[in-house]
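In what comes next, chain A is part of two complexes: it sits with chain B in the first one and with chain C in the second one.
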Partner chain A sequence: MRAAAIPAPAWPAMPPGVIAVLFPLGLLALWSVSARFGWFPPQILPSPTEVGTALLDLARNGDLARNSGISLLRVVEGFTAGSFLGLLLGIAMGLSPKTEDYVKPLFTAFAQVPTLGWIPFLMLLVGIGEPLKILVIAKAAFVPVTLNTLAGIRAVPSIYVEVGALFRFSRWQLLRKVVLPAAIPPIFTGLRYGLTHAWNALVAVELLASAEGLGYLLVWGRQMFWLDTMMGAMVIIGIVGFTFDRIMAVIESRLQRWRLA
Partner chain B sequence: MKRALRGTVLPILLLAAWESASHAHLVDPRILPPLELVAHTAVYQVTDEGLLRNLAASLLRDMAGFTLGTLAGIAIGTILGLSRIADRLFMPSFNGLRQIAILAWVPLISIWFGVGEAAKIVFIMAAALIPVVLNTYEGMRGASTQLVEVARTLTFTRWQLVTRLYLPSALPSIATGVHLALIYAWVANVGSEYFMTIGPGIGGLIIAGRERFQMDLVMLGILILGLVGFLINRGASAIEARLLRWRPV
Partner chain C sequence: MARQGHLQIDRVSKQFRVSGAPLHVLDAVDLSVAPGEFLTIVGASGCGKSTLLRLIAGLDTAFQGNVILDGQRVTAPSLDRGLVFQEPRLFPWLTVAQNVALGLLNAGLGKAARDRAVSEHIVLVGLDGFQDAYPHQLSGGMAQRAAIARGLVNRPGVLLLDEPLGALDALTRARLQDELQRIWAAEGITMLLVTHDVEEAVYLGDRVVVMAPRPGRIAAVFDVPHPRPRDRSSPALAGLRDQVLAALEATTSGPPPTGMVHIASRPALAEQVFLPAE
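== the complex of A and B ==
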């Protein structure tokens, strides 16, 4: 809902969905015209049809499925490892302020260096094989998951814990039945950020050191000056990233539902 | 005080383990150079290799891209936030484009703008632009309806409405966007140094260290990267808090 706006001239009654595609369609038309009249050489701006054909070719010869599969697998492995460790550390720090005192400064220093900075370091340490990719992606997911888990546990209202104490819950019961369920929505927000970071890290590490995967398709297209392949790969990277985020957003809003206002 | 002491335990243990492992040759010293070597490299880099010049080059580029991206972002965000037509026309496309991981733009930008400083600045600008647009947009749309009604009663012109009402009320949100933009721009700056020509800069230093298998150089670079990021973040928080003092909490 629009809370406040400068009065705009009445817009013809068109559904927002239709208006939303006007701009991309116009851009596409301009792009086609420019390709048609050769305003830009195709090494700078290939025609939309060429991009479409390149995508279809990639899909047909199996390159697309193979490279996407490799990228997805890397993200799933790295994200699972990173977010698992992040959950453990976040819960440990959330439940025990002492642990937080010991670990948090080191963690903060570690998190302060962007994932991109750790890549060359890890390259020297573990080489440029599969472990590098998993480590980089895991690091990217680990940081936001840890921080949000910690914040989520700390934000559990103390009345919940007091009620639990009233029922003479053991520590374990308190954790299982009170603290964790109450902290799940913020923890999930952390997982959602983690997945986004993991996907970005995947693109980074595949651009820097990989011979397969979606990021590598970009590098390959760049080296061959195949802009159509490059743009196709960008579209796929965007769609996968978007799909990941949508899925997480849907689960997130479900989890928020039961919360007290 | 006790808490601060606890925090130093793990880092000291880590450094001690590192130092002894390196000296006892438990690990290849090329992989884990002793601390004094890293310190020595740092001094040598400053005195003989122009580390400060590299740092200045990185920061200058970062600031250029950040400033351009922020200004453009505020302008775009204002238009999208205030004009229903612009919102409907462009916002879905903008939201679509920003789904593409920012680094995936690097190859395309390097073909369109070359691999020199200009291309790097364009890339940093794009990274800074996105959070500023989103937060400016949100801030504009969050302006209080009551205030707008008052302004109407006072027959504000459209320009007055924007400069006296919408911009001030969107300021906290814009500040959040600018703060994010500072962080993103610094990361994008490193990315641009990795992927485009290796010129002067901290990212270039790290890549050079990797290519020459000089772990001490890589570690030094990482240290500077983290430190600069930390200082930028701290500085931004301080400025933000000061600028927004007037805001009723």
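== the complex of A and C ==
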């Protein structure tokens, strides 16, 4: 409220949608200008038009759809497995302090090793095929989902739990009717983080050990010195990640309709 | 069939440990509540009045003595004892009707009977038309009405009310007091209302119990013989209010009267006045 007392500079009022695209558009303009005036050699920073053309080529010859499809499938599989296990473990630890006592130290140590740090070990264990990618992505999603689910369940107000006790709710009823609905917002935050981490891990693992997928497209572009292809792949990775996050946000607000209206 | 809702509190004591030292929240409380009685409890903060309600509700079972309802010792919550908290405690993700229906989850009713009970109780508390509203769309008074409907939906023999009107404005408060009285008369159930408002206690109660803090105990019990409907501004009620207020003030001024014998800790006297209708 105090901020409102400070006279705001007389910016023209703009809808948030416009503000959101202003900065990216500015960057794009700067990029075009730098390409036009040759501030960077074109081998290092190709112009936006070249990147656009490369993307169109990739789209036309089917490389884009094929590699995107492979990446999406991997992320869906890994994220589903990792977040499912994360939900289970988070709920188990959230409901039972004893389980937390047993599992939490190991889990923390496990989580402290970065996702990328698991790749060499997993390569020895399962090779460099699909299981490696799925495991790495699952691990990336598993950690934030577990932690946020645990925190969410612990933060359920005891006054709600007491209402359940008053009406003689069983453990299952308490979980279904009180604990899970109350913990939905933090659990969803965990799922959103988990999906972002899963997507990042996917690109990383494809960079290191893959012959297809969007991450591979990146490496391939760099190795061939097709920097327009490489940057095109980066753009697609960014757009897909952004879209994932938006989808999760929409589901989240649907699940919490009671907060709005 | 004898009327249900005969509540006996038999030498109930309760201690908390506060940083190692025992704190006597309730000390040998004796009280007998007749079926269908409207009993109000006033007391300074820390006198254990809310704790007493929680013990009767069965939410807290670590205490000495007995709470006996219709011959059964209270050891856990029961659908036969409703409790309305100080704050409405509605689940924000459920509508009014869903919140009320939650009380019936373990009542063993069919869906049709459940729906009927829910809408009946929503009408009873005057929330008709707000079944599908979410708690954040309700005013404080409406939310508390919904909470009362949830407390009543199992048709409990005893309804415990823990300062449910404390946070409301004067007008809403007066209106809900009358609603509570109307519901009490219509349902014929035993009601225990904890409040810090002496006027409310005298206006609503058949008896007013004054509790004293440290240790929490009953200091005095007043009969309110005035017929209903009562007139808030009647001089007789005002006189009684002043008496209760004086008794309440005596509990907080001066050194704690440790060896004091109070009438309500003599069950014989309480029984004499309120014989359970068997």
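Simple rule for what comes next: the second predicted complex is superposed on the first by the 212 of 261 C-alpha atoms of A that agree within 3 Å, B and C clash if a C-alpha of one lies under 4 Å from a C-alpha of the other, contacts with A are read in each partner's own complex, and residues count from 1 in each chain.
Here is the rule we use: a residue touches a chain if its C-beta (ideal position, glycine included) is under 8 Å from a C-beta of that chain, and two chains touch if they have at least 3 such contacts.
All values reported here derive from a predicted model rather than from experimental measurement.
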Could you say whether A:K177 touches chain B, chain C, both of them, or neither, answering first, second, both or neither? second
Between chain B and chain C, which one contacts more residues of chain A in the superposed model? B
Please indicate which partner A:V219 is in contact with in the superposed arrangement: first for chain B, second for chain C, both, or neither. first
Using the superposition on chain A described above, determine whether A:G241 touches chain B (first), chain C (second), both, or neither. first
Using the touch definition from the top, say if A:E162 reaches chain B (first), chain C (second), both or neither. second
Taking the stated contact definition, name every residue in chain A that is touched by chain B in one complex and by chain C in the other, in rising order. none
Given the complex with chain A, which residues does chain B contribute to the contact? 2-3, 6-11, 14, 31, 82-85, 88-93, 96-97, 99-108, 110-112, 141-145, 147-148, 158, 161-162, 186-187, 190-191, 194-195, 206-207, 209-210, 213, 215, 218-219, 221-222, 225-227, 229-230
Given the complex, residues on chain A that touch chain C span 159-160, 162-163, 165-170, 173, 177-178, 181-182, 184, 256, 258-259, 261
Please name which positions on chain A make contact with chain B in the complex. 2-6, 8-9, 11, 16, 19-24, 27, 43-44, 98, 101-106, 109, 112-114, 116-118, 120-121, 123-125, 199-200, 203-204, 207-208, 215, 218-219, 221-222, 225, 227, 230-231, 233-235, 237-239, 241-242, 245
Residue positions on chain C within touch of chain A in the complex are 57, 59, 76-79, 83, 85, 87, 89, 91-94, 102-103, 105-106, 134, 136-137, 154
